[in-house]
Each structure stands twice: as C-alpha cells, then as structure tokens.
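This report refers to the structure that appears directly beneath it.
Every chain is named by a letter (A, B and C) in the order it is written, and numbering of its residues begins at 1.
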C-alpha cells in the first residue's frame, strides 16, 4: 500500500463562469511496485489527477494517503513527497535549462540538498539508467535530438531517486523507434529498481504491452480499473468515450464472430498469433 | 493560477461595443484616460464612474470577469496607494506613529489615485475585451498610417503587436507548466531573499525563452508559407469604415469629456449633495 | 490544320496526366503552348492581357504537380563556436513525381529528411543541387516564390505555432489577405473553407480554446482558403491524441473527395496512409521504398528496419505467414486478415 485516494474531488476556478468539475469522487489504490497504465482522452482529467499525486495541485475535497499518511494534513512535508513521487510532464524536454546535460540532471538532487559529489553520482546513475551515451553528458541539452532530450529530462527526475515514477505521455511526438526505446527503458527500470510506475498514454497498444493494471478515466471519473484483458473486454464502451482496444483485440472478436474458436481476451500480437495457430490446429 | 490572468484577453460577445470601429475605441479610450486627469472633485468622479458603468453595461462583459483582470495589478495599486498615503503631507494629521504620518490630504490623494488607476485599467481593458487583437492592430495601423510617410514601419509594428497578443495566453500556460515541472524537481520558488528568488527563476526563464524562440521560428515559417510579405499589396478581410454608430460614439465621448471637465472643475460639491 | 493537331496532342497529354481539369487554365496553357511553338524562343508572352510563361505552360502539360530531379539539400554543420566543420546532407538525390489529384504519402522516422523535403515544396528551403518544380515552376527561381507558395499550401506539425489570428475566421482570412484577394471574396472563401473542414460553427471562437484536432482543422482551412492546387501536410497528427488524429485524417479525406486537391501527407504513422495512391519511404535523405501501400506494407521487416510504425494487423499477418499460414502479403485492414484466415479452411 503506497498511494491511496479517497473521494477526491477537484474543481477548477471555483465560483467563476469557468468552473469545471475536473475530478469527481476518485477512489483508487496503487500498491507499491505496480506498473499502472492510466488512459483517457484529452480532458478526461488524467493529467489533473497525476498532478495531485505529488501535491502540485490540491484537491478541493477528499484525501490522498501516501504510505498511510494524508498529504493534506497540517504540516505534511510536501518536499519529501515530491522527492518520493517523481513526475515527468508531457514534453519534458521543454523544462531543460542548464548549460550541459550533467548539470541539468543534477538540478533535482541539488534541490534535495545533497553534496555536489553525491549529486554527480546520482546524475551518472540516472543517465545510465535512461541509456544516454556518455559522449553526450557534457553536451548542451539543446543540441540533442528530441528522443535524447527526453531521456535527459526523465533522468532529471530519476536522479532524485523517487519510489513512484509518474510519466505523462512520455512518447508523445516520438517516432516508433524512439517510443519503443523509452518504453522498454521504463519497463526495465520498473523491474530493476522496484519502482512503482504510473504511465499516462493514449496508445492502447503501448499500455497493453507493459501495464499490470489499467485505469480508464472519463469525464473526471474512473470508468474502469482492472487488468488489461478485463478492461479491453469493454472495447465497445471504450470506443464510445473516444478510446479503443488494441487492434488485435478487434481481430480476435471478428474471428470469433466468423466462427473460429479463439479466445477474445487477447491484447498483444504474439498472443494473438499463437491463439490463431492453436485454433486452426484444433480445427483440423 | 497564472492562466487565470484575464487582463487584455478578448471576451467574445455581441454588443454595440464589440461592433464599434476599433479606431473609435482606441481614440475614446485615450480620451477617457486623459479625462481621468482633468478633474479633482467628487462630482467629476461621479460622472467618470457613471460613464464607465454605462460602458461596462453596454459591453456585455460580466463585471466579475473585469474585476478578475485587476488581480495581477493589485500589487502595483497597493504600492501607489501606500506611497501617496504616507508621502503626501497636506492638511490635518489623522494618524502619526514613528516615521509614518497620514494626513487628510494624503488619504484623499491616495484614494483618488487608486480610483483613477482602477478606472484607467478597467477602461483600457474594456477596449481589449471588446476588440479582437486583429481589429486593434488594424485600428492602430490605420490611425498611424500617416506616419508611414516618415518611414515608420506602421504595418510591421501593428503585426508584431497582434502576434504578441495571440501568444500571451500560450506563453502563460507554458510558464505555468514549466513552473510545475521545476517544482516537481524540487525547485523552491517561494522562499529566500530577492536575489535568491531571482536566481531561482532561471530554471523557468531559460526554458520559456527557448520555447518562445522556437515558436517564433515556427510562426515566421508558417506566415511565409501563407504568402505573408509585409503590408504592401495586402487586402483586408475586415476593412475599416466609419458607420453611423461610430460617429455617434465619437459625439458621446466628446460630450462626456466636456461634461467631466466642466462638472469636475466648476460644479461645487453641494450642488450634488443638496 | 497544324494548330488543331498540336492542340489534339496537348489535349491528349493533358487528359492523360490529370484527373481534373480546369477549363480556362487548360485553354490558356494550350494556347500558350501553341504560341510557344510559333514564338519558338520567347519565354514570356502576353495573352489575354496577362503575362504568360510559355515554358512553364509547356512543362505543366507534361509534368506532375510536384516533381523533383536529383534533389539534394545540404546544411552546414557547426561546432560549439559556430564554425563550419562540414556539410551534412538532409536530402540526397531524391526523385519524386506527384500527379495532380493524387494522394501521396511520405513516410520516415524523425530525422529521415521527410520534413526537409516538405519544406522544399513550399520554397521555404531551396535545393542545394537538383531541381524541384511545383506546378511547373522551378522553386529555385525567386520570381516564382509566391506562386509556388500559393500552389502548394502547407500545414505544419504544431497546431499552436501556425495559427496567426486570434479569432478562427481571421486566421483563415490571413492567407487570402496576403494574396490581395478582394474583401468580399475573402469572406466567401473563409466561409467555404471553414465549412469544408467542418469548423464553421467555431468561426468566432478563439483558437486557444480549441482542441488540438480542431486547431489543425483551422490550419487546414487557412490553407484551403488560398485555393492551392496541392496541400502538403507535414506530420499534422504527430502532436494529437487518437481522436484528434482521426478528425484531421477524415478532414483531409473529405477535401480530396470534394475539392480534388492533390495531397502530400508526411507522417510516421503507417495506418494513416493505407488509402494513398503512392507511398514513398525515406531514410537518411534517400527514398528507400516506393510503391502502392500494399506493395510497401508487404515488406514488414524492411519497414521495421526503417523505424516505422507498422499497424498491428500487418505485423500479425506477417507473423502468421512466417508460421506457415497461407496469407497474402501486404494486408492493410483487419477485415482483410479476418477474411484470409477464414478462407484457410
């Protein structure tokens, strides 16, 4: 038990003409070490939700417990929470500002009050974790390619050694190779260092491949919360809220409809291929 | 939040004020601002207030929205009020402690100044609330057109202004995002002395500038791709023509200025109070 | 007699090359071409009180909408102090040929040169070597600059950074204003373009309040209002969510059907190009694959090598084929795969 949200509500610009109920009665629990996928189309509240997790936005009502303690109680050490819950924003490369990659990655640890040596050690470790080549450590972050910049930005958060890593669409705007590289790296981090990962994404295919659990947001509420196969079973409802199951899920449903005896709770290509071969053999 | 700043943001509505020629609004705003300094008596303030109230009403912009626009300038207002309050030594002493002295005259000046500033801001933001930046630019361009003869690049200046206005909300939103991102990395933007705080702004300013330059570059390319080549040979989608309502508006504003001048200077208070 | 004969030939080529004809343009050019023979060496003649470029007229009769010949683009590589340390080739000998009315897709990963190529079509960049013609006009010639930009409208990646106006309709009017179109016509063009992209009900809105997909549609309307013959879309969906992506693609599709405009779509999402007439795949500044979507999609391994995003259905079909099932290569849509599997029995 790591993060727990109880009846969380958030209302934008309360009391004005632009008032918007962005989060409605959110109850969630994210246990330690899980890889959670958070989906929802633009404006569903998912970005607002993750900004609550490290206290950047304060809920209008409700409670958020981190390791059993309500972060809204008087005197809660917010800085400590931000050290523990690392948040990587969308297009994080836009936050780079230092003269070179190394110094930029040191920014987080420096703010934590660590010694310069310790900062550097942490930065080195983080840069290695995101797989950036050593020749770039002294380069200006602005000279790097889009994918490399993004790695640096993620390293900047990892260098703070968070226990929970929240990523808001870390693959937006990257090409397929860049995307796969980053996601594989995150999955590797998750296995390697016992990190809780919360991945916000539009891509069902990506989420299906990596997440243990999927949370679907719609209009500020949690619509589904479960294992990928469970959530994607609702593929028709998902479509109504501007989302979709992975393409293979549709193929399996269509095949079943055509009379081929296949399981439909399939979300990845490899599973699908195996299941189809299996079903065809059974038939013979 | 930073994006709540509404000062200067166009407010879409269908009002007579929205339909007026931007030149009328520009000139009138200027006249109104000048008029605020033409009087120094309560009747003058009453006239100026009434005029403003009527214009706000006509604009169909909700009053709460206008008030929200004042928020970012509250600090500036406070400073002016405090300076006037303590530095004007005039008339009976109302309060005295250590080096602080408040006089009747000081209090009066402070209140007058605050009211004037608030009216000034509301007056000018009413113009931007009811005029799209493009119209505003067209208005300025046309008003200043004669300056072209002495080689002032009027069109270019107007275009720069309009682009600046378009990108203000985008850059504000971006600032908000960058601030959050740096806070998430442990940046401390609230504590420390002034120098420390200024230093703490670097992680926000550098990315903001980088992004502004990137956007400027993109935008320049997009404009060229759409055949933008300066003001020559350009036609207007919304060319400016004075209509009847514009002429009426001019008359109304001139009548107001004369009224405020006469009433503010020559009509004593007791005539109004009975 | 001779005149009629030539006219016939020109007619023949004209019809062969084009799917849509603008009659007045056709007549002008044909006559220009005819006079071109008569006036053998003259380049510009006056016809119908207009200056007509005879060479361009001839070229257009035989040439596509966008055509390149051994196109090369080099840029200077600089070290930290800004000194030139060498040249880098973003485009290296590219030949493409796009016919009027076609839907062409250019695929490639980030840095493959596809966006650099797109910028040539609008004369934002000019080739270092080789030539690019847009609508028969050489983009290198500064005299052609504005005509080229009007012929080939361009939509960019970032929806925020290409909208100039603060009200939707004013932004759409920006292009026609620059072209010197009379006021009344600007209004009718704006209205028509906003209708064409389905954004007419937002005409008085501020672009800042729109979704990413809606902003891109406004940007497309801004280009359509300039009445280009060809629209170049440079990764228009890269920054959008799936809903926005669908919106934009549907809009492009609709434009093609209604306005018969030539479309060049640059992207790295392969599922966006299944309806294209021709697909080019770029890598390291070269065109490495070329053909119909089916021909290109059949080579899954090669596509993956070029770091492209192959749709799940295509990958699955390929995987099943490798496992020994008799499934045709180059499957693009899920219905095709389902059909193919069902037919196996």
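Going forward, contacts are C-beta pairs under 8 Å (C-beta built on N, C-alpha and C of every residue); 3 or more make two chains touch, one makes a residue touch a chain.
For clarity, every value in this text was computed on a predicted model and none was experimentally measured.
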Based on the touch definition given at the start, go ahead and assign the chain network to line, ring, star, complete or other.
complete
Pair joined by more contacting C-beta pairs (B-C or A-B)
B-C
Where chain A and chain C are represented by their mean Cα positions, the distance between them in whole Å
36
With chain centres defined as C-alpha means, what is the inter-centre distance between chain B and chain C in Å?
44
Please tell me the distance, in whole Å, between the geometric centres of chain A and chain B computed from their C-alpha atoms.
42
Chain A touches which residues of chain C in the complex?
109-111, 211-212, 238-239, 241-244, 268, 307-309, 311-313, 315-316, 319-320, 323, 325, 334-335, 337-338, 341-342, 344-345
How about chain B: which of its residues touch chain A in the complex?
4, 62, 64-65, 68, 174, 177-178, 180-188, 202-203, 206-207, 210-211
For a test of understanding, state which residues of chain A touch chain C in their complex under the given definition.
41-43, 145-147, 172-178, 202-203, 205, 242-244, 246-248, 250-251, 254-255, 258-260, 269-270, 272-273, 276-277, 280, 283
Tell me, which parts of chain B touch chain C in their complex?
10, 12, 132-134, 162-163, 165-166, 169-170, 214-215, 218-219, 221-229, 233-239
Given the complex, residues on chain C that touch chain B span 119, 122, 124, 146, 149-150, 153-154, 156, 158, 160-167, 169-170, 173-183, 186-187, 190, 204-206, 208, 222-223, 226
